[in-house]
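Going in written order, the chains are labelled A, B, C and D, and every chain counts its residues from 1.
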Amino acid sequence: MSDSHHLDLLRQMLRIRRFEERCAQLYQAEKIRGFLHLYIGEEGVAVGVIGSLLPDDAVVATYREHGHALARGMDPGAVMAEMYGKMEGCSRGRGGSMHLFDASRRFYGGNAIVGGGLPLAVGLALADRLRDQPRVTAVFFGEGAVAEGEFHESMNLAALWNLPVLFCCENNLYAMGTALERSESQTRLTLKAASYEMPAWEVDGMDVLAVEDAARKAIESVRSGGGPHFLEMRTFRFRAHSMFDPELYRSKEEVEVWKERDPIELFTRRLITDGGLTEDDLATMESDVAEEIEAAVAFAEAGTWEPVEELTRFVYSEVVPS
Amino acid sequence: MTSLATPTRTITYREAMRESMSDAMRNDPRVFLMGEDVGRYGGCYAVSKGMLEEFGPDRVRDTPLSEAAFVGAGIGAALAGLRPIVEVMTVNFSLLALDQIVNTAALYSHMSGGQFNVPIVIRMTTGAGRQLGAQHSHSLEVWYAHVPGLKVVTPATVEDARWMLPTALEDPDPVIIFEHAALYNSEGDLPEQGAPVDLDRAVVRRPGPDVGLITYGGSLPKTLAAATELAEEGISAQVLDLRSLRPLDTEAILTTAASTHRIVIVDEGWKTAGISAEIAASIAEGAIWELDAPIRRVCSVEVPIPYARHMEDAALPQTAGIVAAARELVGR
Amino acid sequence: MTSLATPTRTITYREAMRESMSDAMRNDPRVFLMGEDVGRYGGCYAVSKGMLEEFGPDRVRDTPLSEAAFVGAGIGAALAGLRPIVEVMTVNFSLLALDQIVNTAALYSHMSGGQFNVPIVIRMTTGAGRQLGAQHSHSLEVWYAHVPGLKVVTPATVEDARWMLPTALEDPDPVIIFEHAALYNSEGDLPEQGAPVDLDRAVVRRPGPDVGLITYGGSLPKTLAAATELAEEGISAQVLDLRSLRPLDTEAILTTAASTHRIVIVDEGWKTAGISAEIAASIAEGAIWELDAPIRRVCSVEVPIPYARHMEDAALPQTAGIVAAARELVGR
Amino acid sequence: MSDSHHLDLLRQMLRIRRFEERCAQLYQAEKIRGFLHLYIGEEGVAVGVIGSLLPDDAVVATYREHGHALARGMDPGAVMAEMYGKMEGCSRGRGGSMHLFDASRRFYGGNAIVGGGLPLAVGLALADRLRDQPRVTAVFFGEGAVAEGEFHESMNLAALWNLPVLFCCENNLYAMGTALERSESQTRLTLKAASYEMPAWEVDGMDVLAVEDAARKAIESVRSGGGPHFLEMRTFRFRAHSMFDPELYRSKEEVEVWKERDPIELFTRRLITDGGLTEDDLATMESDVAEEIEAAVAFAEAGTWEPVEELTRFVYSEVVPS
């Protein structure tokens, strides 16, 4: 793997991190409202997986999806404008943080129902299967979703029909305040996949290269007809569940221990040690990213409010596709 | 020596539905059928019998018992450009798929600012009357009719069974088709040369100035029978078949109210907060001064539907009850 | 020197609800609370904050994300004689538990010929107004109100938040409590000596002869604000708080209709086939000749609720819209 | 195990078989209506499991539950009257074949929603757990239910909370017309249980002694705090799914092969070979059973119709329990 590719991975993670740090500020400033779920600490997962997809593949994500949207190449300005509720937002301001969409990149959202995106992903893959298109659908979900019936039904359907789905479980150990061991009787999640005869690997989600490596192998297998695969990415969210969460359910120490495995810091140190990155490079990267984000904020600020008269548009489609 | 009358043929509602699906699948490779036992079993109500043989297991796709996942998969396939017909065996089991239908199918277009649309058709059997007991006798059309983003139709004639589906498949948005189980064996004459019909207009099935009977779906035959009985007593009832519950054809409802001044609404759903309430409300909003009598609703009694025949009969709207309500309104 | 006025204290809706639950758990060992994040997290809306510490993890039971199973488990525990309070985080997720609520809880008594009863209380947050987007802003009370076997209440005041629950827990049948998210922070005065209140009667929150405003739950504050505005214009509006959606207090509705002759129904649910329709229908059936104007419904616009503040505001019923509708009815 | 116990097992199976054969006739005669699902071929399962429960244990069954009701000791007259729709029926004629109930025997039905009884069973067991009552809840379901989300959510909940539930999977290889291999990507169903860390055994459901043996061990473990257990009973329904099923999906040969493993014939032959049963005993047993069933039919025939005025009773409870 080339150095430039490594730098790109780092840049992607950094963009997400800085973007979300800015989101948190903007939430305090009441520019962003509603629920805001930060991905900080988990960036390696979205970057490693989504970077390994082809442009024509599909992505289905959750309400914690800023990282996925950016990794998929969505314009940070359009994403930020969405969170501002502006018409220039990627969902016209109607979705907000939890409902980012981009049809042109086959980014199917942004789903605020835990587990709700999984059946959808199965259907996208079914369509590819029926049309013999060698495309992959990557669906992201938290470990909390594993307790939902929709997860199991979807796993079975995908495996039974040998559909090209990549199930990406982001195991950050908590579902809101519920720790995995209070949510699953068997916490080795790959065993769930095994019970559907689906190949499943445990991956260090704090190591972007490990994620990328696993994702590439899995995606290749999925694409070439190997059926669905399941990746359990072990990671951690450094911040609260949402902006309303007082984090009563875990200790500061637990968070601190995980922060020592910050995917961005780890990877930065590694690149510096390996000589692929200098402190100067990093500074440049940071300032590039900062610039991009400020541009996104400026874009959102300059955005306009959708006229109220348009409220009833798009409840039903305006154009009948042929 | 050609006949001037349109040539017709007699066909059952079940056959009409099957022909409709098969035809759509022959004409459009994007169309496929998916649901529990639609294939090898031939469909729980034998609607899809024989279709597996013609179209193969990819396009007549048996699913596991996973209502949420296979309805959701239909939504995904529709998003990706296919035209799935998803059969949920009965409305009773659709409760397990409601999250997908309401939180995904109905919302995706608006929530994404119009980027996506979900051209799925979901068919389900509805209604009671066959002694299947409380868990298998729901009529929950009204729940679906409440939800923006969905369209809800209730074919009650063989013509609608035959010709609503192609329109539904052309529709870019989710369409739910409710088929009342009691209709499958009903027969009717179908013109040899049919064409797709609209999904949003009510139709007067029988004209009459004395009292308006507004109904849909499985209650249409009972309501027509009531009109026949009323005619024998010299009461000429108008029968309006709603055909679509979302959108509701409010204009037609108001026209019936304005032309008959007396309204009986017949609905197999429970009365409280049923679709009958919406019909009454539209009239109370839009044609209240036209009424010469309070609105009457003939609905299911507010009980879980019991198994025993006589109790089930007593729980559901029946012709006699419709006749009595109409008679009362016209003061006989 | 004792005061003759009943001593009261100021309390939030959230605190009232918490006090109510804690009190019930102290008094009755059969009562327990179960749901997602009710324990360690303290409740998604902080309603149960601190209760884990007092009652321990067996009785303040965190559940996995499994709405169908834990609601069904609550039903089973109720059948076995306990008194579970099951919290479904929001009505939006209750779609995943509907099968259990409708096909099990609501039917078991009737279907078993009265052998079983299901004394469960299910609490859920409902409503929009906090920019949470389409999937987190439903108001589906009407669906539940349609189902025989269920009781559905909508506490809108701190008193009802405090005192409906004990009555619900005494009730031998399933009771659904809808708590509008916008109410949790609202404050009110609670008499020091309170007592359980009934679950089936509407209450006139403000008397007035000129126009009747009928509402419930999260729309009550907006409606009372509208009445205040109207009073400034010399229009004296009566505000009826339904409190219970099943049973509906039809008598109170008809009394309001008969005493005001002009009715505006305010409901955050979508208009078509909403609970507003049932209220209008009852009036059209039972008090139509009392009306001096057509019924008006002020409901949510029939769209998925959008995120952007101005669009969400436009989608929901607002005080200005209520005032305008009332004004129109009284001809100003 | 005593001879008399063996004879009793045989008698129980025979009662169910003859009862249902009579039901089929009565369906043709239109005395019974609605859906009727026969258990013929699967009797060993209900008899082996339910016979091993204590009176205070609970049973939750499906729409194919005549066998379970009879095995639980419910009066065949009350069951038959129920299917006639008579007021003397075990559910007052309101339930019919799919909704047999008996509170006095903790028989919680009769559930016509596939998978619908599972959460209920978890709740019954939770109540026992919370009150420290050493009772077991046995819940029956078909292998088709394993694809339902409610199954998975219930398995996880029971295992997570260590509840006294015995999960009894009646694997008769078909769910209506859908064969197991078209319903599950992984047909070894015990692996599902394993993915919840729940002990699970495969049992020959055509051998009533094997069922009984497994059930006893499992029940003992469940009762003594060992948490939920899962039994996969391999069996076969000899008749159509319901009276409407033309059985297009399987061959006569397949059914014939399974009929050679008829649990009643197998066990009869074994008892005769072992000397525990003579042809005479068998004839007596048959005639006793026939008599019991004719009495049940006569009871049902003599039953009365619930007055229509009672239709609205029991929508809500009539008595407020204290």
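The working rule: a residue touches a chain if its C-beta (ideal position, glycine included) is under 8 Å from a C-beta of that chain, and two chains touch if they have at least 3 such contacts.
Source: prediction; values computed, not measured.
Undergrad: Could you work out which chain's C-alpha centre is the most distant one from the centre of chain C?
TA: With centres defined by C-alpha atoms, farthest from chain C sits D.
Undergrad: Taking the mean of the C-alpha atoms as each chain's centre, how many Å separate chain A from chain B?
TA: Centres of chain A and chain B (C-alpha means) sit 41 Å apart.
Undergrad: CA centre of chain B versus CA centre of chain D: separation in Å?
TA: Roughly 36 Å separates the two chain centres.
Undergrad: Between chain B and chain C, tell me the centre distance in angstrom, where each centre is the average of that chain's C-alpha atoms.
TA: Chain centroid spacing, chain B to chain C, equals 31 Å.
Undergrad: Indicate the whole-number Å distance between the mean C-alpha point of chain A and the mean C-alpha point of chain D.
TA: That pair's centroid distance is 46 Å.
Undergrad: So which bits of chain A are touching at least two other chains?
TA: In chain A, the residues touching two or more other chains are 91, 93-95, 99, 111, 113, 116, 147-150, 153, 156, 160, 182-184, 315.
Undergrad: Please output the residue numbers of chain B that touch at least 2 other chains, ranges allowed.
TA: Chain B, residues with two or more chain partners: 64, 66, 68-69, 92, 96, 99, 103, 110-111, 133-135, 148-149, 302-304, 306.
Undergrad: Could you draw the chains as nodes, link the ones that touch, and say if you get a line, ring, star, complete or other?
TA: Topology of the interface graph: complete, with all chain pairs in contact.
Undergrad: Flag every residue of chain B that touches chain D in the complex, lowest number first.
TA: For this pair, the touching residues of chain B are 36-37, 39-42, 44, 62, 64-69, 92-93, 96, 130-136, 301-304, 306-311, 314-315.
Undergrad: Under the stated contact criterion, what part of chain D meets chain B in this complex?
TA: Within the complex, chain D touches chain B at residues 33-35, 85-86, 91, 93-96, 98-99, 111-116, 144-145, 147-150, 175-178, 182-184, 245-246, 248-249, 305-306, 308, 311-312, 315.
Undergrad: Sort out for me which residues of chain A touch chain B in the complex.
TA: 58, 89-95, 99, 101-103, 108-109, 111, 113, 116, 118-128, 130-131, 149-150, 153-154, 156-157, 160, 313-321
Undergrad: Would you mind writing out the residues of chain B in touch with chain A in their complex?
TA: 32, 58-59, 63-64, 66, 68-82, 84, 99-100, 103-104, 108-117, 119, 148-149, 151, 170-173
Undergrad: Quick check on the complex: what are the chain C residues that touch chain B?
TA: 68, 92, 95-96, 98-99, 102-103, 106-107, 110-111, 133-135, 138, 140, 142-143, 145-149, 246, 248, 269-270, 272-278, 280-281, 283-286, 288-289, 291, 294-297, 302-304, 306
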